[in-house]
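For reference, the structure discussed in these notes is given below.
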Amino acid sequence: MTQIAPDVREVSARPQNAGRDWLREALPKIVLSPSLAMVLIFVYGFIIFTFYLSFTDSRILPSYGWEGWSNYSKLFRIRAWDTAVSNLLIFGSLYIVICCALGLALAILLDQKIRAEGFIRTVYLYPMALSFIVTGTAWKWFLDPGIGLQAVVRSWGWESFTFDWIKDGDMAIYTIVIAAVWQTSGFVMAMFLAGLRGIDNEVLKAAQIDGASNWALYRRIVIPQLRPAFMSAFVVLAHMAIKSYDLVIALTGGGPGTATELPATFMYSYTFTRNQMGIGAASATIMLMAIAAIMVPYIYSELREKK
Amino acid sequence: MSSNATATVVRTGAGSRFVIYTLLILFCLYYLLPLYVMVVNSLKPLSEIQAGGMMSLPEEWTVAPWASAWSTAQIGVEATGLKPFFWNSIVMVVPAVAISTVLGALNGYVLTKWRFRGDTIIFGLLLFGCFIPFQMVLIPMARMLGIVGLAGTVPGLIFVHLVYGIGFSTLYFRNYYQQFPTELVRAAMIDGAGFFTIFRRIMLPSSGPIAVVCVIWQFTNIWNDFLFGASFSDFDSQPMTVALNNLVQSSTGVKEYNVHFAGAIMAALPTLLVYIVAGRYFVRGLMAGSVKG
Amino acid sequence: MGFLDIKNATKSYGAVKVLHETDISIEEGEFLVLVGPSGCGKSTLLNMIAGLENITTGDIAIKGRSMNGVRPADRNIAMVFQSYALYPNMNVGQNIVFGLEMHGVPKPERDKAMKEVAELLQIEHLLDRKPGQLSGGQRQRVAMGRALVRDPDVFLFDEPLSNLDAKLRVDMRTEIKKLHQKLKTTIVYVTHDQIEALTLSTRIAVMYGGHVQQLGTPKEIYDNPANMFVAGFMGSPSMNLFPATIAVENGRAVARTKLVGGAEATLPFAEGRGFERHEGRDIVLGLRPEAITDRDGADRNSQSVHVVEAHVEVTEPAGSDTFVVTQMGGKEVTGRFRADVDVQAGQSFPFAINMDKAVVFDPETEARIS
Amino acid sequence: MRGYFGKTTTLAAALMASASMAQAADVEVLHWWTSGGEAAALNVLKDDLSGQDIGWQDMPVAGGGGTQAMTVLRARVTSGNPPTAVQMLGFDITDWAKQDALANLNEIAEEGNWNEVIPAALQKFATYDGQWVSAPVNVHSTNWVWANKAIMDELGLSEPQTWDEFTAALQAAEDAGYTALAHGGQAWQEATFFDAVVLSVGGPEFYQASMIDLDPEALGSDQMKEVFDRMGTLRGYVDDNFSGRDWNLATAMVINKEAAFQLMGDWAKGEFLNAGKVPGEDFLCFRFPGSQDQVTFNSDQFAMFAQGDSVSDEQAALAKAIMSPGFQIAFNKVKGSVPARTDLDAGELDACGQKAYEDFKAAASSGNLYGSMGHGHANPASVKNAMYDVITAHFNGEYDSETAVEELVLAVELSQ
């Protein structure tokens, strides 16, 4: 062998240097540590800070006079908070379910060797690129019964057509769902499409030979295999639902009344608009605990399984 | 990673294909409608808008609102249009996206190929960080930026986006690299490549698809961010979204909806462009890992 | 002290011990095969030699130098992986010399080495291609080339043939054997395929459950398996193992076992094996299929061939041979008959049993009794 | 609170000290005036300063009537990098002054005789603890009714003087097929109604007790129930499609002869003028019936953020420029509001503007000038928003008047 390769033995035989060894061992951890440090300080540190603030008399700026539980007891007596929490439940569950269902349906439809798939896919996907600062006004107009969909349909001759949810305290939260679904469902569609494309076509052929109808094929064979895509979609959607702020501000500003208040808007309004930072911090704490209650078991199970 | 990139083998009859196309087109309309409203109204004179009919095509086509939004609309004291802010956004977004993508890639690399005790917990911590509401961190973040002297600077703003973008970029790259054969890394180790050499020579060249996903995601989020942009920028570094907000949200005075719409589309153009150009790689990138396992 | 010494090496993940105390020592130029079913610890051991996994306790030394704490790149080893692990973004030539590049070998030397290796493996025409454009066999060659070019002290092969189809696998096996004979390098080779182990190796370590069951030359392993696991794992069809009892007749040890229908067969052992002292003991008798043949096919050099009439249950013509299945001691027993013997299922037929080759195991400990 | 802020300001001072060396003689101004007219008006100020070699660094953050800007301000101050000057409203000024964050403008005030020319009701906000901390730019009055003259003429209506006349006029407009009251369903717009109605029901004393002193008895009184009843009556004259509508769209309804009246602050005038309408000919402006003698106001002011020990030269120059008669007239002509100082010649203002300025001066001298609750000049932001919640919920039919009164008392209690 020596005849065909240069000698590299000398390199490998050099004496080991303890410091370099240590560095080599620790390098991956060193690379990870800035991110970890950032997250520990700027996420978890801030969470602790907020938690602390929720027990203080902070108003316009943080202040450190201890107030005990009074911010929490006030928080639970504020009706808008109840509204915000129940709205998040309605909004969050509808948003996630509809986005997943619609995303999956569109992905399946788009997976049928569609002409111009690329174009249609881009059309479905583009809303994700826009912020509600951009699309808010268009949506507001569209939903406004005076000039939007209702007016247009009526001008076509269907005089009794009514679509005034955005003006109706009981229904307004659903218009938020419509706009939110509009924004994200294309993205979810892309995730499912990717999942579908990853499925082995052999399995589908086998199932077809077994006589499965298309419906059975998707229900029994395809959709169960999309579980990872569902999981990724869930993380993204849950994260969007919790952070939904621009959306509400752009569409309804929390109204009519407080009908479309969400915890994020509530927290912002108490912390910044109303100068009651203590209550804002208390609401943030509750919100975080709720997020943790849902996300921690999920993240835990996901990561454990993967080992 | 060798996924089948073709459409399904499931066969459909002519009747159902008609239904499928009809549905797909209907949904195209649903998704395009707001954009249609914006485009149409950005090409009308204001009087037509005020006369009503938001859905109707302009009777008189005009690009004046676009010109105005770009260079003469009132953003602050000076009627500068959105032009100067465009550059501010670019200067901030490009490094933020680049750094956050590279950092995410490195993290994903460590978390999948250099595993150590406790790495899953660290990943869990990073991931949970995605869920923190931004409104909550505003004040403490401002304080920290002040302490390190980055308040009101572009690097400060980049840093903030980096911190809160790191969770998702790590998630994307980790899931992708999990599918990446560990044997390649081992082969390179035996070949004598070190930590960074493996990353640079072996991992990065194969990371194209997921990098597209990550860049799209980060670019969209950072470009569209308003809260951080408004709070942590300075008079000379306000990003596009803040300017757009100033254009659209002016409290009193006549609302020039056509100019607003033109400005809104303009502010969205870079992200739209990213989606249109990179969109075809997007599904591929998602496919190559991020939605699996 | 050998060329490669594995001394008391163990590996644990937390509380789980995946490799128990292992001692293997081989000389320069040997071809050691680690063989065993999946999960037996063979790949773990290979990775420990490579330095890809840390040793929990014990030591591994190459050329007398302890490798503990030495990183893979500095061990002067090369490895061929099951998936070949070719860098997808580099062409074949770059793949081959990547290791040299990493070790700071100047470009002219690298190019020279690359040419030589490519010539040796007949892959010169592939040098500019990307791995994705190669067939399985070509990838395999490139992977070998990448290892060869390094001129390492030890080659490590991790199931290198398992992704190839049957025909190609046999060809490549021969090629590896030739290469070894030509280059006389030290090789450690992991496989789950016992034929590969027997054909390629100079030494085999049969592994199971994190233990080395037996370490020996192919002949030792084949003829004198240390226990029932090795007996059953090595050889194809595998060794017949069936219960019997040792008795002494006329001062000579015999094995008694039941045939189909309740008749008892008495099989005398060869003289001088000393089984007489085990009189009355229940044993498991081990006989390779080739030790159970038709009367005319029996080994003429054997001292103790015994013919037993037994009921034929199944015959499996395999071209060169016919495998004939009967039962002994309630277990299926396969004999290898010459192909032209006319034997039918259902009939009673004389089986010639070569007791020279018989091995005896303890049914409890499964270890061989000598 | 002081302890915390003491630290920040020291730090801020240190940072600013180093920063201001580099950019001496510049003022960074945080404001939310981004519409064409307002910005043009601010340009007057900018030019004035550049005449004194002081650069203007523009930091506009629009949205939510300044709430976005206030959020940004908080981030800026917390980070130790506050703007030089900030547009502020009402109680925000007091809140920041309490934090020791604002520069003392007493010297400039003395020099400019601010104590004399600024009405006491405004001084309440512009001063803290005996110190001038901000320079008022304008005074908006909020208890205006804007009417389409064509409709009034058509229906033979004259300016209503009492609540009953007003409801009769509304009824007449509705009977004639018009939307009687143009309104946008946003909390602050409803609160604008509320201000006027409180004054019309209980007069200035009641307004003082309930909106400014936050007396629980006044808040829970029968008079307050009457206020909510009247709010309900007004709700009856609003079209179904009001929710979420921007105020300027409501104004457009009056301009376009779709609606007869709108209750809105004087900034609505700009919309009429922009549409080419002439005050007195095409549209009318009058005080909300029952509050003719009072003026509820809000006032934009510029507060200077402390940069070390004393007010800087640039800040002083900016404050002087803001209070200069030239700017006050020029700005308010465009903005639709009236000057904050009472000693000017209003000849350049239009008819509605002159009337407003007269009203303002009269109210100021007779003690009838009240800070508007709806615009953050009667009580602090926390209380104001708590009141918004109740007013809006009632207006949207979630509460009846009785519940609304109870909720109002509770909300005010919780917010303090």
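For reference, chains read A, B, C and D in written order, and residue numbers begin at 1 within each chain.
As a working rule, contacts are C-beta pairs under 8 Å (C-beta built on N, C-alpha and C of every residue); 3 or more make two chains touch, one makes a residue touch a chain.
Treat the numbers as computed from the prediction; the structure is a model and nothing was measured.
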Third chains touching both chain C and chain A: B
Chain pair bearing the highest count of C-beta contacts: A-B
Centroid-based (C-alpha) most distant chain relative to chain C: D
Chain closest to the middle, measuring from C-alpha centroids that were averaged per chain: A
Geometric centre distance via CA averages, chain B-chain A, whole Å: 14
Intercentroid distance (Cα basis), chain D paired with chain C, Å: 91
CA centroid of chain A to CA centroid of chain D, Å: 38
Where chain B and chain D are represented by their mean Cα positions, the distance between them in whole Å: 38
Chain D: positions in contact with at least two other chains: 8, 64, 71, 74, 78
Set of chain A residues in contact with two or more other chains: 11, 24, 61-62, 268, 272
Of all residues in chain C, the ones touching two or more other chains: 71, 73-74, 103, 150
Residue ranges of chain B in contact with chain D within the complex: 50, 74-79, 138-139, 141-143, 145-147, 149, 151-152, 227, 230-232, 234-236, 238, 242, 245-255
Residue numbers on chain B that touch chain A, as the complex places them: 3-12, 17, 20-21, 23-24, 27-28, 30-35, 37-38, 52-55, 103, 106-107, 110-111, 114, 116, 120, 122-141, 144, 162-164, 166-167, 170-171, 175, 178, 192, 194-195, 220, 224-226, 241, 244-245, 248, 257, 260-261, 264-265, 267-268, 271-272, 274-276, 279-280, 282-287, 290-293
Parts of chain D lying in touch with chain B, wherever the complex brings them together: 8, 11-12, 15, 28-29, 31-40, 42-43, 46, 56-66, 68, 71-72, 74-76, 78-81, 83, 246, 248, 252, 267, 270-271, 274, 335-336
Parts of chain C lying in touch with chain B, wherever the complex brings them together: 47, 50-52, 71-74, 77-79, 81-83, 85-90, 98-99, 102-103, 146, 150
Touching residues (chain side chain A, partner chain D) in the complex: 57, 59-65, 74, 77-80, 140, 144-146, 164, 166-167, 169, 172, 251-253, 255-259, 268-269, 272-276
